[in-house]
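Each of the two complexes below includes subunit A, the first together with subunit B, the second together with subunit C.
Right, the complex of A and B next:
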């Protein structure tokens, strides 16, 4: 098997984990929380009525693919990207990169990865993993969600890379092209913090940032009127738990990974107040985890009366209040 | 270690309000999820257990990838708690 000297590591999130492992392979000593924080990955958005979503939903990070773009801007590193219309040429291009010993990240639909247990497979078109070797029709994969490297058949890889639907991967590939000789890590960390504070506090769109959290808190009370029936409503309420905890968020909707970033940032910038804010964000994350648990419980028990939804709404509004206060304090540190 | 394992079984059962299972019948090695053990749990139960471990032992399991590994069985939970206790300054 063509195999590279690639160090596999588990990560909290597929995109930040993939970027981190490619940068580490290129010789840059950087952690996943730093990649996440410098890219300004923490976010919130609530989408009540959007064509792309059959039911209201929310996000807790910036849009897929944005982390790579922002890390390029702030660290000065460069990734080379490729997209393909034709699956055959997409597979040939990947083979060529692997044969040239270049670890290459692929965007795939998670559902087609046959190394994932069947009960965990869902259609998510924005999963990222790194191909690090191949032999015949078998590919060696470093997937940040798995403790060890895994193997995948070419047919499954091709299906995953060229799946249709919303945010279809179109065979998207990227690999590290260049790391500058000098990186101003302090400046990068500061810019990442500023970006996160802007996104959470000042972005002038009513459904994004803290305002998005408040909208979520109000609009969730309308969910019973939108859902087809109790079964549908319970499914959507339980998805809150999945979006906060289960989809590679590092726990509590990325709040824990961002707290770790602030801890590391406090050392880089030599600012003890960031360590205090890190501890505060851990507690804020615990509150999101309580929401996650509450939603899972009432959804599972079909206990979805007005009183319970009001309680859930209040819990979300409370997170908006504490996060507004938190990000205001954070914005004053840089 | 056996005491800790019994404590973990009791913690899981009290957290999830399970009163119809004898802790002695819960296999230490068999997975707690997906059937095959006297306690059969699901992903919603998982987060309750993670939070109960945090509250009871003061040990954080923030990352759900790690959490999935830790709460696989009574043995893996016990090993994790023991390891974390050893890491904490005395």
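Right, the complex of A and C next:
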């Protein structure tokens, strides 16, 4: 068995967790909230009609893959990346990296990972994990969503790495190349905060940022007309809980992890106002958590009449209002 | 969120939640999924009902097996076409039984790959009677001689019904 001396650690999110563990392996002492915050990961987007989504949905983080790019830009670290057309070449390249004892991050479709429980398996082409060993046709995987290392057959890994469709992984791999001797953490934190504020407040597209939250609050009232039947509507409403809590967000749609980032940022930048804002965001996150629980409850009870959906819509609009105020204050700190 | 409010007992789905610790610092705790702990039965009920509805439509010949899996796996026409590397217009034809009649073996194989099922399962519906009762014994004790397998035609010319039950 080729196995690396790699410390497995659970993380809130697969992409920030993967980047954090690779940086930690390379000797950089950095937390997942700092990786998330520096990369400007917090976001919101609502997609009412998209060819790749069977039902309206929303996102609570920036574009998949963007965290690595932004972390490179802001910390000056370098990751070496690879993409492949041919699956066989892609698997050989991975084997070669593992044999050279280089922990290597893979982008995969979650659906083909045998170790994932059946109810969690969905087609998402943007799951990240670190391959840290192999023996014969089995690979040892550090997947941030699992308490212990897991194993995966080569056939499943190949299927996951070379799934087609929207944001198809194309066998994408990356590993840490170098960490600069000195990192300007203050500047990186400030740039991350500025980017997050821009994304939430200033993108002039109606379905992104705070505008996206308001669109979500309006459009959710149209969901009953789009759903096949009551059970379908119930499923989609309960997915609000999954997207905010269960799909690797650290709770409340990344609001809790971003609050943690701001608390750590207040120490790095020596700014007490960031500490106050982190406490404020924790409370905002509690409000998102109430939305999650409310959605789960009305979905389970099939209590999906106009009145309940209006209540849900109002709760989302209220989050838009408080977050707009929050990000305006945050933008003035850096 | 306070640390003590964050713990959920759900060993089947663990996750990291960021909370306020007793000393006022924010940080991660390992906890369980609230939704899985409390509502997983509802998820399986809805899935079972959807499977049943789609299976009836498939057996009656009102949809093809491609449509069956596409809806079940929550894929759109565009997404399925891109994943199977088959033209969208062609996938659209494959969604009903008359269009499915023109599917090639190579295309079937691609669909099977996307849906992650054996190719044979695109041409049959497998019904296992009392699955929960006999399946563990069947696997652990290799008691396949105790099984009865019957295949019936359906109204859909491209699907047979494979019924597996324990021989009495």
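We adopt the following convention: the second predicted complex is superposed on the first by the 333 of 334 C-alpha atoms of A that agree within 3 Å, B and C clash if a C-alpha of one lies under 4 Å from a C-alpha of the other, contacts with A are read in each partner's own complex, and residues count from 1 in each chain.
Here is the rule we use: a contact is a pair of C-beta atoms (placed from the backbone, for glycine too) under 8 Å apart; a residue touches a chain by one contact, two chains touch by 3 or more.
Keep in mind that this is a model prediction, so the values were computed, not measured.
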Practice prompt. Sticking to the clash and touch definitions up top, decide whether subunit B and subunit C on subunit A clash or fit.
Written response: clash
Discussion item. Looking at A:54 after the superposition, I want to know if it touches subunit B, subunit C, both of them or none. Which is it: first, second, both, neither?
Written reply: second
Item to complete: Return first, second, both or neither, reflecting whether A:252 touches subunit B, subunit C, both chains, or no partner chain.
Response: both
Practice prompt. Determine, under the contact definition given at the top, whether A:27 touches first (subunit B), second (subunit C), both, or neither.
Written response: neither
Worksheet entry | Which of subunit B and subunit C A:300 touches, first, second, both or neither | both
Discussion item. Quick one: is A:241 in contact with subunit B, with subunit C, with both, or with neither? Answer first, second, both or neither.
Written reply: both
Discussion item. Which chain, subunit B or subunit C, ends up touching more residues of subunit A in the combined arrangement?
Written reply: C
Worksheet item: First (subunit B), second (subunit C), both or neither: which does A:147 touch?
Response: both
Worksheet item: Does subunit B (first) or subunit C (second) touch A:278, or do both, or does neither?
Response: second
Item to complete: Could you look at A:204 and tell me whether it touches subunit B, subunit C, both or neither (first, second, both, neither)?
Response: neither
Worksheet item: In the superposed view, which residues of subunit A touch subunit B and also subunit C?
Response: 10-12, 119, 144-145, 147, 238, 241, 245-246, 248, 250-252, 256-257, 282, 285, 289, 292-293, 296, 300
Practice prompt. Going by the contact rule at the top, pick out the subunit A residues touching subunit C in the complex.
Written response: 10-12, 32-33, 51-55, 111-112, 117, 119-120, 122-123, 144-147, 159, 163-166, 168, 231-232, 234-235, 238, 241-242, 245-246, 248, 250-252, 256-257, 259-260, 263, 278, 282, 285-286, 289, 292-293, 296, 299-300
Discussion item. Under the stated contact criterion, what part of subunit B meets subunit A in this complex?
Written reply: 34, 43-44, 47-48, 51, 60, 62-67, 69
Worksheet item: subunit A touches which residues of subunit C in the complex?
Response: 1, 6, 12-20, 25-28, 30, 33-36, 38-40, 42-44, 46, 49-50, 73-76, 78-80, 82-85, 113-114, 116
Worksheet item: Taking the complex as given, what residues does subunit A use to touch subunit B?
Response: 10-12, 119, 144-145, 147, 238, 241, 245-246, 248-252, 256-257, 282, 285, 289-290, 292-293, 296-297, 300
